[in-house]
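Shared between the two complexes below is subunit A, which pairs with subunit B and subunit C, respectively.
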Partner chain A sequence: MKTSKNLQLTIVGIAAAIGILLILWKPSVLIYGLQGAGLYAAVALPMALILGIVGIINLAHGEFMMLGAYLAYWFSTQFGIDPLLAMIPVLISMGIVGVITYKTTIHRVLGAPELNQLILTFGIAMVLSQVVNLIATSQPRKLSLDYVTASAKVGELSFGTYDFIFVAAAVLFLAGLLFFLRRTKLGKAAVAVGQNPKGARLVGINVDRTYLIIFSIALGLLGIIGTLFLTSHSIFPLVGGSYTMKSFCLVAMAGIGQLKPILWGSLALGVSESFIMSFQGYGGWADIVFFAIIVIVIISRAYKRTES
Partner chain B sequence: MSKYIKTIVMAAVAVLAVAFPFYTGAYPQSIAQSVLTYMILAVSWDMLLRTGQISFGIAGFFGIGSYAAVLSMLYLNLPPMLTILIGGIIAGAIAGLLGIAVLRLRGMYFAIVTLAVAEIFRIIMTNLKGFTGGPEGELLPQLIFQGNPYLTYYLMFGMAVLTIIISEIFLRSRVHYALTAIRNDEIVARSSGVNIFKYLVIIFIVTSVIQGMTGGINAQTYGFVTPESSFSLDYTLLPLAMALLGGIYGTMGPVVGALLLGIVSEYLKLYIPYGHLVIYGIIVVIVILYMPQGIVGLAARIRKAGARNE
Partner chain C sequence: MKNCITVMIAVLLLLALPLAVFAGGQGEQGEQVEQGEQAAEKDPIKLGGVWPLADITGDQGSKAAQLAVEEINANGGVLGRQLELSVIDSELKPEKGRSAIERLATVEDVDIFVGGMSSGVHLGQIPSLKKYEKVTMWTGAASSKAEEAVGPDADWYFHLHPWDYTQGQSYVDGWGDISEKYPEIKVSDWFLAYEDGAFGTGSFQASQNLYTELGEMTGESFKSAATGGGDYTAVLEHAKEYGPEVFIWAGYDADALPMLETAKAIDFAPPIYLGAPPGWPQGFGESPLSNYVMLYGMWAPSMNSVSGVSKHFYEAYTGKYDGEPQTYFAPLSYSAIYILKEGIERAGTLEKEALIEALENTEYDSPLGQTIGFSPSNIIQHQGIWGQKILQWQNGKREVIWPFEYQTAEPVYPFPGWDER
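Our next item is the complex of A and B:
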């Protein structure tokens, strides 16, 4: 117990030292890293929710976010509304998509081997990205919004402030989910189902309905993130794929069923990614940070398991 | 009796496949070549699946093999056949390292790592501009066998036969029974003393060598590599859909699936050039939901039902 506390203190100390060094040397790395971290955490939280409670790993996770972004694009260009306002219809539509997806597919493989679940969600990911590709073509789309270019100046340094919206979203998501899971009746029931579905059924919880609700909530959250994503990034049908892997990486780092550590994990990833991007001409390598970390995290997990 | 018929049918198919290039034109032959490519990938994917581990990294090892073959020819001036072997060896070495690291864990961790493999190497090949040609890739000065289509066809055909034989050997081995036991109930198998980890790593290496060599043959046949085409999602999704549709956990299923979908896919490419992959996605979803035993499994069930009625 004591050693783990010491270890935690050491890690926090090292992180703080790195942070201070970065502030002195390259403050922009920290700012953009924080903004990137917000996005990653916000996308990863719904995946952690589904994995923790429904118990399946959703390989179509990033694709659902992509779908949300395209829905937001459609609502805002079709009806001429601001994408941030389009968030409400997107949230509702993604909730409905969640209900349909759960009822027609996920529900049927809950008792099936893990392999079938993985193949199924991989197939769903392909269907989503290719259907969007067929309808909207692979041409990247971007909205030009004037408030996105808002920037602030601190001393010599000027930076975009809009992307802090992802940090706000991540914190709000986490706070909202923790409140939901700890304080509300439905949330407590969901936690019970996540821990022990048989037991939950015995005490009278409708397990299937809980799964349905949690899955739809997670997709609704992805709709919100998709909308925010659209406001400051360009979107294309394959944009979601890497977010599936990045989210999984964060969820695996945090441990299944854990929500809070996702924030710290994404902070580390966001900052290290923006650190590499800050070197001119090497920006293309930034993506590899994540994949390297995925492999390292998983290997360290394997190592831990052999030890115990 | 039924065994007799089976042998005749198989012999007929083999003769047909060998004679194929002599009575068709260039276009059917190129289709046949791509069907064979996907067939190899589908069978090798299924070989690993039988162990209870799922790989989404077919395109990754295929691409690694392609690049290894082309680069070793460009920089080391090795003969083409040797570069194909090198493609397989490098893919196998990477698989070995990954497998030792990750195969101890639950399936989903392995699945995600294999999903990342294609991405990692695609990024490396895109960014190592001086060495790999960056996003434009590299061209070979000349094709294997001076581009003789008969010989390239037989090369891929030979690879397919080899893969099918390896797959059948694995199916008949004692390891296979142990692995089936693992797939059905890992705890039972583990407590019965089967050392699963070693076999998992070996099979992962063997299937990756096959996928790497196939990539090498493909790159040598068409004479180029680019990050987008060599690590294309097609090489993961198509074999997966083929094996599932045909029926997993055997050699026959992926072979039948590859023949069927491989021919259909050529027409799909003509009619829906962008987004034909959606069909494969739908096939994957529907097969998993409604007929997880695939066509071969379904046919066996119908035959059994018929025998019972007689």
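Our next item is the complex of A and C:
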């Protein structure tokens, strides 16, 4: 127990030392690393929620985010409202999409082999991207918004500040989810369902309804992150695919059902990527470093488990 | 039960009725075909087009080609026959593009192939085009790899879009002319931010050799939003540190506005901010950030003020379809149909040798500004257009800066600082 605490303290110490060194050497690495980490964490948290409680690997995760972004674009352009305001109808719409998707598809494969579940969610991903492609075409769409170019200047360093909104979103998502899962009756029931669905059913919890609610909440969160994504990124039908992959890697790195480690994992990956990219000509290594870190963490965890 | 059987018989009869009518129609059609050569003469001239229809280049390119076909048919067609355009979606996939050519050749039995966008798709199509050796009027594909694949013997192949090396040379010529006419415009120090795929990397390699005539060029790759990236801070920070006279980026339309937003956020405003994507995103000109960004292209609506053909094309297009042409693939595809129409008329027949000879004598006054004719490029026999134009976004419109004979506005230089707007 003491050794574990010492190890944690050492890791925190090393992280703090690296942080201080980066601030002194190239503060932009830390700033952009933090912003990137916020986006990764905010996108990955709903996937962890679904995997932890419903027990499904949702390969349509990024496509649902893309759908949320397109809905926000539609609300924003049709009704002339700011996309940040469009977040409210998008949240509701995505919640409804969650209910429909769960009732018509997910619900039917819960007891099926994992491969069937994977193929189903992969199919949903294909359908979503192709339907959006048919309706909205593949041409990228981007809203021109003044506030996304907000910047701050510290000495000679000028940097964008808007992307800190992803950090705020990630922290709020995490805090909100932890509060929901630990403090509310429904959340506690969801945790019980995630840990032991049969046991939960025996004590009177409506497992199916819990799955439905959790799936809809996760899609609602994806609607929010899709809306935020739209404000500073171009959207097109295939934009979500890479986020499914990165989210899945983060969830695997954090451990199934774990929410807090996603934040730390995202931070490590975001800062590492930003560090590599700060060297001119080495930007192409960022993806390699991203996946290398994940592989190392997963292997070391498996090794630790075998040893114990 | 009896009622049920009656209903079923009725349904069957109803289903059989159209089949009987169809069969009768076929019989009549068969009789007509037998009426001989005279009827065959009145058959439409079939054009087979392949475009990526979900992409704006293909969507607008195919629409503009259809517009040209309708205009020609409304004026009596060609040699007393109507034109008929069959369009198949390439979906921007080489295998789909190739199967489209196969279908057009075998099922649709077209006389001429037309259209096209994307070198990758075209590389997949070339073996099929070579198999049928029908007269081909191609609007897309800039990669010289496609030129190598077509080879020197394909006399039936007419290529409109400039090759990468010819358009690269046109940029060098253009910037040389601009800096001569406007000595205050400096173009000797370049930073190229290029997407890390084949398009961007190829652009960087080609530019490094070509731009030595103008000065120094350095660059760095970035991961385009189109391929799962979209973080431009590092590459723009490096460009800012380098302090180039010209900052140029070669990526996709998805990168255009987010990259500008990042440039503003980190306060990077080089004297020339130049973009070279294949197309621009919808509504780019409406963003105040787009003002004074330079770009490469073949056409812009502003050319209506210097070209009557451009004006006619623009008015016809906007009259028929919603919105204005956003990509030069629209006037390019429109031109392809008219070049074929004039060629067939000169040849007086669809016979291949005569048509090739007639097309070789093309002098088509195009909506793109220049008069299009064909001459040999490095490998192929019939190359139509050799270069692109240098333009600048000014107050939401793309104005032509160079070539000076098509100039629609004076260049605004330098690109104003973000706090000066």
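Observations
Following the convention adopted for this analysis, the second predicted complex is superposed on the first by the 287 of 308 C-alpha atoms of A that agree within 3 Å, B and C clash if a C-alpha of one lies under 4 Å from a C-alpha of the other, contacts with A are read in each partner's own complex, and residues count from 1 in each chain.
Convention: a contact is a pair of C-beta atoms (placed from the backbone, for glycine too) under 8 Å apart; a residue touches a chain by one contact, two chains touch by 3 or more.
Small disclaimer: the values here were computed from a predicted structure and weren't measured.
Once the two complexes are overlaid on the shared chain, A:10 sits clear of subunit B and of subunit C alike. By the document's definition of touching, neither partner reaches A:195: not subunit B, not subunit C.
Of the two partner chains placed by the overlay, only subunit C lies in contact with A:159; subunit B stays clear of it.
Of the two partner chains placed by the overlay, subunit B and subunit C both lie in contact with A:284. Using the contact criterion defined above for the overlaid structures, shared-chain residue A:242 touches subunit B and also reaches subunit C. Look at A:138: by the touch rule set out above, it reaches both subunit B and subunit C. In the superposition on chain A, no contact is made by A:184 with either subunit B or subunit C.
In the superposition on chain A, A:151 makes contact with subunit C only, while subunit B stays out of contact range. Where the contact sets of subunit A with subunit B and with subunit C meet, they give residues 133-134, 137-138, 242, 284, 287. Residues of subunit A touching subunit B in their complex: 57, 59, 105, 108-109, 112-116, 118-120, 122-127, 130-131, 133-134, 137-138, 242, 244-245, 248-249, 252, 284-285, 287-288, 291-292, 294-295, 298-299, 301-302, 305-306.
Across the interface of their complex, subunit A is touched by residues 54-56, 59, 196, 220-223, 225-228, 230-231, 233-235, 237-238, 252-258, 261-262, 264-267, 279, 281-283, 286-289, 418 of subunit C. Within the complex formed with subunit A, the subunit B residues making contact are 49, 52, 54, 56, 98, 101-102, 104-109, 111-113, 115-116, 119-120, 123-124, 126-127, 183, 237, 240, 244, 272, 274-275, 277-278, 280-285, 288-289, 292. Partner subunit C is touched in their complex by these residues of subunit A: 28, 32, 36, 133-134, 137-142, 144, 148-151, 153, 158-162, 232-234, 236, 239, 241-242, 274, 277-278, 280-281, 283-284, 286-287.
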